[in-house]
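Okay, structure first, notes after.
Read from first to last, the chains carry the letters A, B and C; within each, the first residue is number 1.
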Amino acid sequence: MKVSLFITCLSDMFFTDVGKNTVEILERAGCEVDFPASQTCCGQPAFNSGYLKEAKQSMKQMMRSFRDSEYVVGPSGSCVGMLKEYPKIFAGDSEWEEAAKDLADKSYEITQFLVDVLGITDVGSTFKGRVTYHPSCHMTRILGVKDQPRTLLQHVKGVELIELPVAEDCCGFGGTFAVKNADISREMVKEKSRHVSETGADYLVGGDMGCLMNIGGRMRREGKQVEVVHITEILNTH
Amino acid sequence: MSIQNRESFLNNLAGRLHRPRRTQGVSRPDWSVYPQYDVLKGITQDELVEVLEKQCEAIHTDFIHTDRKGLPKLLEETIRNYNGKSMIVSNDSRNEEYGLSGLYKDLDRDLNVHIWDPRLGKGNQVIAEQADVGITFSDITLAESATVTLFNNKNNGRSISLLPKTYIAIIPKSTLVPRMTQAANQIHEATMKGEEVASYVSFISGPSNSADIEMNLIVGVHGPIKATYILVD
Amino acid sequence: MSVKIGEAPYKERITKGIENDFMREAVSSAQGRFRAGRLTRAEELGNWEDWRQLGEEIRTHTLENIDFYLQQLSDAVSEKGGNVYFAETAEDANHYIQNVVKKKNAKKVVKAKSMVTEEIGLNDAIKDLGVEVVESDLGEWILQLDEEAPSHIVTPALHKNKKQIRETFTKKRGYDQSDDPEELAAFARKELRKDFLAADVGITGCNFAIAESGAITLVTNEGNAEMVTTLPDTVVTVMGMERIVPTWEEMEVLVSLLTRSAVGQKLTSYITAYGGARLEDEIDGPDDYHLVIVDNGRSKILGTEFQAALHCIRCASCINVCPVYRHVGGHAYNSIYPGPIGAVITPLLDGYDDHQELPYASTLCGACTEACPVKIPLHEMLIRHRQILVERENKAPMSEKILMNGFAKWSSSPAAYKISTKLARPALTPWIKDKDRIENGPGPLKGWTDVRDFPAPSKKSFRAWFKERESDSHEHSK
């Protein structure tokens, strides 16, 4: 099966291991992975800030980049969730409407792709540690991916999965919100960090680097020892 | 009675909706789902009684199950438990039917029993306000939420279930339905047929309460402080 | 009062909210209880999504035919001996109600909790006549004694603790007992009972008006709305024009959604359907009845992309799941409608000028949209507001516009994007600590790094790694 990787700008520049792990997991699952190098950003930073015109420019670039792909898979619920919104955004735009629908239809978040498309619930990895999972808001509420990451984690040998209290609560990232409403964002991430500590877990795992960068950055500032990892790291450890 | 300022107001709304004014011919569409009819679907009357009894606990309401023969005695006990010295009762034909007229006469010897009397005018409210106990029959009883439905009228003022310190509802088993859906359905049908529906319909589920102070549940605020349902076979 | 409740600037309100420890604890614990209650009730039903679907369909149909249903409603109320007044503005509504009060030579008016009367500032209008007006919902009464605005649309005094309430009762009403909530409530019962009995006019809001029969449905727990509609000889209902349903059957569905979503109850203690004058020989209820239907800016929302905001049934479940609300409290929104629904409708009702920050007071986490029992796409509407603020209202800061313009150029040009993946780390090098983090970021990063670390860009981008890997494997295969 041919899969095009949608790396997301954050993982491209900041968290390159996430991309590497994603590629390796997909290859081990028997996929042939390519990387359309003309891809950029899904447009969410501009779209969520109200800059529709600007957002559309990056969205068009994404549609051009993945035009020939069979499947598009990315390691982020939020960014893939953005691709899924394209048809709504380009509805009535005769030039782009179809491309938007095409991209949305063939795009998957990595855990969603593994479980729903490939039918894999056990990737055969081993990872020792007490792990708690933060279900990011866009992954669960926009994309509707709720059980897939948990299913995969439950099958990893050595993982002890501990429920995060009020897990569904937002961590306070919200893109530009973290800067624009820094005070509120601070209170939210403090609360999330406290909840993570309450679990006594060694690792906080999630499927969105934006949220993990926020929670991890806060916990590091607080001098906490909990390690923050993207789910692909756990799924790619042997 | 008067309707003022309607035409310009509604014309504006039609304009905002970018279409001509709709004055007739609108009817409800078929909805894609009707989940309200699935609740407690197909269960027996006895099972509904169980649902009702269980829900009474959740709404801080005492529940008593009896038959017609046992009703007068249990009702009197309940009144005495409420330390009721005075009470107000709806002027309901079912009082006679359920053998309560005699009980009220008997009780009136040492307690103060007032049967709602339209001729007394506002005097009824004054009595209700001072009463320890208010007693009415339930017209439709909703098992799911443990709710008694009262069609208030000239013989059954809503003050009876509202102003006294405590409230007792007598529930004929035949009035039991799964939920509010069936009650709303009955009233809707009656309205469609042009039948007169009571000017005031009360759906009462237990005693009054509030969570306005630090989210603590306080049972008994403006309406009755305690409530008992007596289900009669 | 009106939609807007104060003059303090946004930042100040946020700080005040965040620093109010009691309020935050109260809100946090209340949210926990609301959430648990709502989820239990939803689970019990088993098919909650079908209920939401039905709720949405009912609201959509009703709003699309609102002119028809309001006509039907007003005819039915009139037939039942009631007067109906259509008020385009807050002033119209207040003026009409003032006249009703004056005609009765009323000395005292009792009210049941109603958000629309807060919105139009009715209490002040009545007080202007020299007539006493008493709020009878426990929470509203506490706020009235303290001259404060509600901070929540269902539990308006959520931000106050029992000690503060005791003090208020002592100072304003000579209360001399403890701060036990039961005792406080018993005192309120005793005091307000006198008001109910003495009132000349009763005023309520409206949860759902039933068009087919002209009945007004009120959903309460305390029994105060029943007092207000039973004892005075004159009763006025004030309803926002959108609070209408076609028949009893839709009322029932929406009430089921409302009580579960608002307070986690199957039904509240009192669901009351009234309206019109009392019938012959009836003693309870008014002989003089008025229904005031209020527009006050709502019609401007009809026929726009925000129309679904009028579907709101005021259950507050969006408020109860909102993490932003939890940390800043209701007053930070500076509107009688706080939380996500407040952030959506406040600028629509009262304009952007005084409320332009509200659409940004959300992480767009979507918890509100998920909780809404009538499926209003709240977070999407917040994005739409932001678009309007940027494009039409021109209220975005210049720095942001420049940034976003840069974003568009960067993200639509693969070449520019690729260069940035190489330059990000060198550009940030002066701020990088321990090789992998930034503690004191420059420019827009500062807001971030004030409270948390920012990661340093990787030395090598993913795309560079992938390219190398590809050429390696090509080498290999050769």
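The rule we apply is simple: a contact is a pair of C-beta atoms (placed from the backbone, for glycine too) under 8 Å apart; a residue touches a chain by one contact, two chains touch by 3 or more.
These numbers were taken from a predicted model, which means no experiment stands behind them.
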Self-check item: Chain located farthest away, centre of chain B as origin (C-alpha)
Solution: A
Quiz prompt | Pair of chains whose C-beta contact count is the highest in the structure | solution = B-C
Practice problem: Grab the C-alpha centre of each chain and report whichever is closest to the global C-alpha centre. | Solution: C
Quiz item: What whole-Å value do you get for the distance between chain A and chain B if each is reduced to the mean of its CA atoms?
Solution: 53
Quiz item: Any idea how many Å lie between the Cα centroids of chain B and chain C?
Solution: 30
Quiz item: Residues of chain B touching 2+ other chains?
Solution: none
Exercise. Write out the stretch or stretches of chain C touching chain B in their complex.
Key: 26, 29-30, 33, 45-47, 50-51, 53-54, 57-58, 61, 64-71, 74-75, 77-78, 80-88, 92, 96, 136-139, 142, 155-158, 161-162, 165, 181-182, 184-186, 188-189, 192-193, 196-197, 212-213, 215, 221-224, 226-227, 229-231, 241, 246-253, 255-256, 263, 265-285, 293, 295, 299-300, 302-303
Self-check item: Contact footprint of chain C on chain A as seen in their complex
Solution: 5, 7, 9, 11-16, 18-20, 23, 35, 37-41, 43, 45-55, 57-58, 60-61, 65, 137-138, 141-142, 168-170, 172-175, 177-189, 191, 213-214, 216-218, 220-221
Quiz prompt | Residue numbers on chain B that touch chain C, as the complex places them | solution = 1-6, 8-14, 16-18, 21-24, 26, 28-29, 31-36, 38-39, 55, 59, 118, 120-122, 124-125, 129, 142, 144-145, 147, 152-154, 157-159, 162, 180-181, 183-185, 187-188, 191-192, 197, 199-216, 218, 220-224
Exercise. Mind listing the chain C positions that touch chain A in their complex?
Key: 14-15, 18, 323-324, 327-328, 359-367, 369-370, 383, 385-391, 396, 400, 404-405, 407-414, 417-418, 420-421, 424, 437, 439, 444-445, 447-448, 450-458, 460-463, 465-467
